[in-house]
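Okay, got some structures for you below.
Both of the next two complexes hold chain A, though its partner changes from chain B to chain C.
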Partner chain A sequence: MRHSLSIAALTLSLAFAATQAVASVSPVTTTQSVTVNGSVAEVCVLGSPNPPSIDLGQMAATSGERVGKLGTISDHSVNLPDAFCNYPGTQISVAATALVEQDESTTPSGFSKAVNFTANVSGWTSSAASVTTAAAADGSNATSHSAGAEENAPQTANLTLTLTNFTAPGDGVLVAGSYNGLVTITLGPDGGN
Partner chain B sequence: MKRNILLTAGVLALGLFSAEAAVAQSSNTSTGSVTVNGFVALRCSFTSENVVLNIGEMAIQSGSSSTLGAYDHTKLDGLSTQLDGLCNGAGSTMTVQAFPMLNTAFTSAPPSGFDNRVDYTATATENSVSATATSTSATPGAPVTVGDFSNAITVNFSNSATPGGGKMVAGPYTGSVNVTLTPST
Partner chain C sequence: MTKHRFLIAATLAAAVSAAAGAASAASNIAGPVGVPVTGHAVTFCTTGSLTNGTTVFDLGVLTDTTTGELKNNIAPVSKTLNGAICNTASTINVAAQPMTAQSFTIAPPSGFSRSVDYTATASGWTTTPAVYETSQTTNGGATQSRNSAFSGPITVTLSGFSTTGGSTLRLVSDPNYLGAIVVTLAAGN
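And now, the complex of A and B:
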């Protein structure tokens, strides 16, 4: 009889322990994650210039006191729409090459085969990027560079190139022929220089 | 030979003693029981590792000026992966919380015309039961009952877009989806 009582007591004890264990375990919530990584590369874009070229026509005066010398050339503008950089720290740089007559190999004294001008690019920062060519009468040293201020944020803008201040070195008589100049605008880190 | 005889005698003696004891007990039967109890706690768990998806360049690289540099939604929409999980309670639920993809290098407000955030909808599906969440909301989506199961949970991405439809600010982007399983009876 004593043997039976002790077994029953053990049974109760086991049941109590199991009940205690169930009560002390709370449901386990679990979380797992899916991480998505991507990137966007640094890029700057300049829209196509409009118009893409400028024809100044007859540049020399054909009558009056300045006949044969550079006549009055009006300012010209070119639009560069939809320019943007998607990162900070960018600037505009401008490389301008004076209009130079391409055929004559020599330049007699009192003549000029170059026409200088100022190229001004506005719209990227509050101050425009501007450069004035300084070609010699013989057309040498035709290209000049300049960089604008740094833009400290990603930006979209419509840029405007303005060509002004046309002059001939020494105000010489312009050599007859075809003159070609060029303006290269670069948008990027440190102006792309 | 002598050892064998002694062992045989020992076996017989034990047998006789046991039989005698059994006969004595049958006259006064007493039964004791041993109950064995156990339990299985309510539980949900994942049996796979966390997942990392790399979608690479996220901006449109060519085309018209209006879309050039903007977010390319095809990079994330339709993307899916799987998490292996289990729950052992019939009332177990699943919830999803989506965190937007943010530019971790350019964290200030983007300039006009730019975005540095991608929002999306994340959907977790287990046995045709789906829980969803959008990253535009800071709170998890509504829980759905998945019951007791043990198989793959598919996580799918859709409806991704930037807040303003602008161009993307350059830099690294990261976002995440949390899938939570809560056990219940």
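And now, the complex of A and C:
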């Protein structure tokens, strides 16, 4: 009788242990994690200017009271489509060089071998980036710089360059010859140009 | 474990002794005595480990720097989970999250995106690979089952990279676009 009690008690304890073991191992789930990473570099792109150049033609008046002096030159525009920067904190910078006649001869008094103008680049921020050249009559100091406001978000925009306000230093008579100027537009980080 | 074995042996001895003692009172034959022997194999699955030890798909620069758009030739080398085992029927599941800019966290401006979708495929475990497309809200093929125990490598492949929101969107600049893929093996189906 004493033996029987021991067997019953032991059998129960074994069965309990087996139940515990099965419950603790099923079901089994296992996972493996993998990450994928990459980067996107800061990029700004300016579209190709259209038209690619501006020819003002004959700039001097050939008749009337202003004969020989700068005639009326209408505004000229150039489109730069699909410009973008994919990062915030960007700005437009403009460098404009007055139209200068490249003859190395001395400029006589009352004459001018430079034509100044204002270059506006609009479309990037609410206010245009604008610069006006201030070349002297002899063509010196022809280049001026300016930068627009900061754009605080990535942006895509169509830009427009407009040339206005053509003037000759001292309103002098333009020296005959070929005049060449240049506008350089840069789109990049604020303060980076 | 050693202790358990000792207890079982002692118990069986006691049981036989008790049976013999009980039988001797009625007959000169004792038995037969049945001694059940049982055991079990633990159900388990393991995904093993990655072949080269790294758990990162590093895609480098994601965009074409002339257009600002996602490159169209992103094809990272697959990763292999070696030593994957399930000793019973099982299911495999793959889940993935889009690659998103970790620093540029605000909504992107018009014309831009801060997310890249892709397709994660776990193949080799089931006849039909488990596939998860991060651009889809439901992925019916993400879980696949097999009816038998199995061991073998699982290949994890990423493909079909696309800009979230459309291919014409440009990606905002960010030093870290991050996504995640999780492969799960589960016993039972």
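Following the convention adopted for this analysis, the second predicted complex is superposed on the first by the 171 of 193 C-alpha atoms of A that agree within 3 Å, B and C clash if a C-alpha of one lies under 4 Å from a C-alpha of the other, contacts with A are read in each partner's own complex, and residues count from 1 in each chain.
As a convention for this text, a residue touches a chain if its C-beta (ideal position, glycine included) is under 8 Å from a C-beta of that chain, and two chains touch if they have at least 3 such contacts.
What you see is a predicted model, and the numbers here were worked out from it, not measured in a lab.
Asker: Considering only the touch criterion stated at the top, classify A:Thr29 as touching first (chain B), second (chain C), both, or neither.
Answerer: A:Thr29 sits against chain B and chain C alike.
Asker: Does the superposition put A:Pro81 against chain B (first), chain C (second), both, or neither?
Answerer: first
Asker: Regarding the shared-chain residue A:Gly47, is it in contact with chain B (first), chain C (second), both, or neither?
Answerer: First partner only, chain B.
Asker: Common interface residues of chain A with chain B and chain C?
Answerer: In the superposed arrangement, which is not itself an observed complex, chain A uses residues 3-4, 7, 10-11, 14, 17-18, 21-22, 25, 27-43, 45, 84, 86-87, 153-156 for both chain B and chain C.
Asker: Once bound in the complex, which stretches of chain B touch chain A?
Answerer: Residues 30-39, 41-46, 48, 50-59, 65-66, 68-69, 75-76, 79, 81, 83, 85, 89, 101, 103, 106, 110-114, 118, 122, 155, 157, 167-184 of chain B touch chain A in their complex.
Asker: If we count contacts the way the header does, which residues on chain C are in touch with chain A in the complex?
Answerer: 4, 7-8, 11, 14-15, 17-18, 21, 38, 40, 42-50, 55-63, 65-68, 76, 79, 81, 99, 101, 108-112, 116, 118, 156, 158, 170-188
Asker: Where on chain A is chain B touching in the complex?
Answerer: 1, 3-4, 7-8, 10-11, 14-15, 17-19, 21-22, 25, 27-43, 45, 47, 81-82, 84, 86-88, 153-156
Asker: State the interface residues of chain A toward chain C in the complex, per the touch definition above.
Answerer: On the chain A side, the touching residues are 3-4, 6-7, 10-11, 14, 17-18, 21-22, 25-43, 45, 84, 86-87, 153-156.
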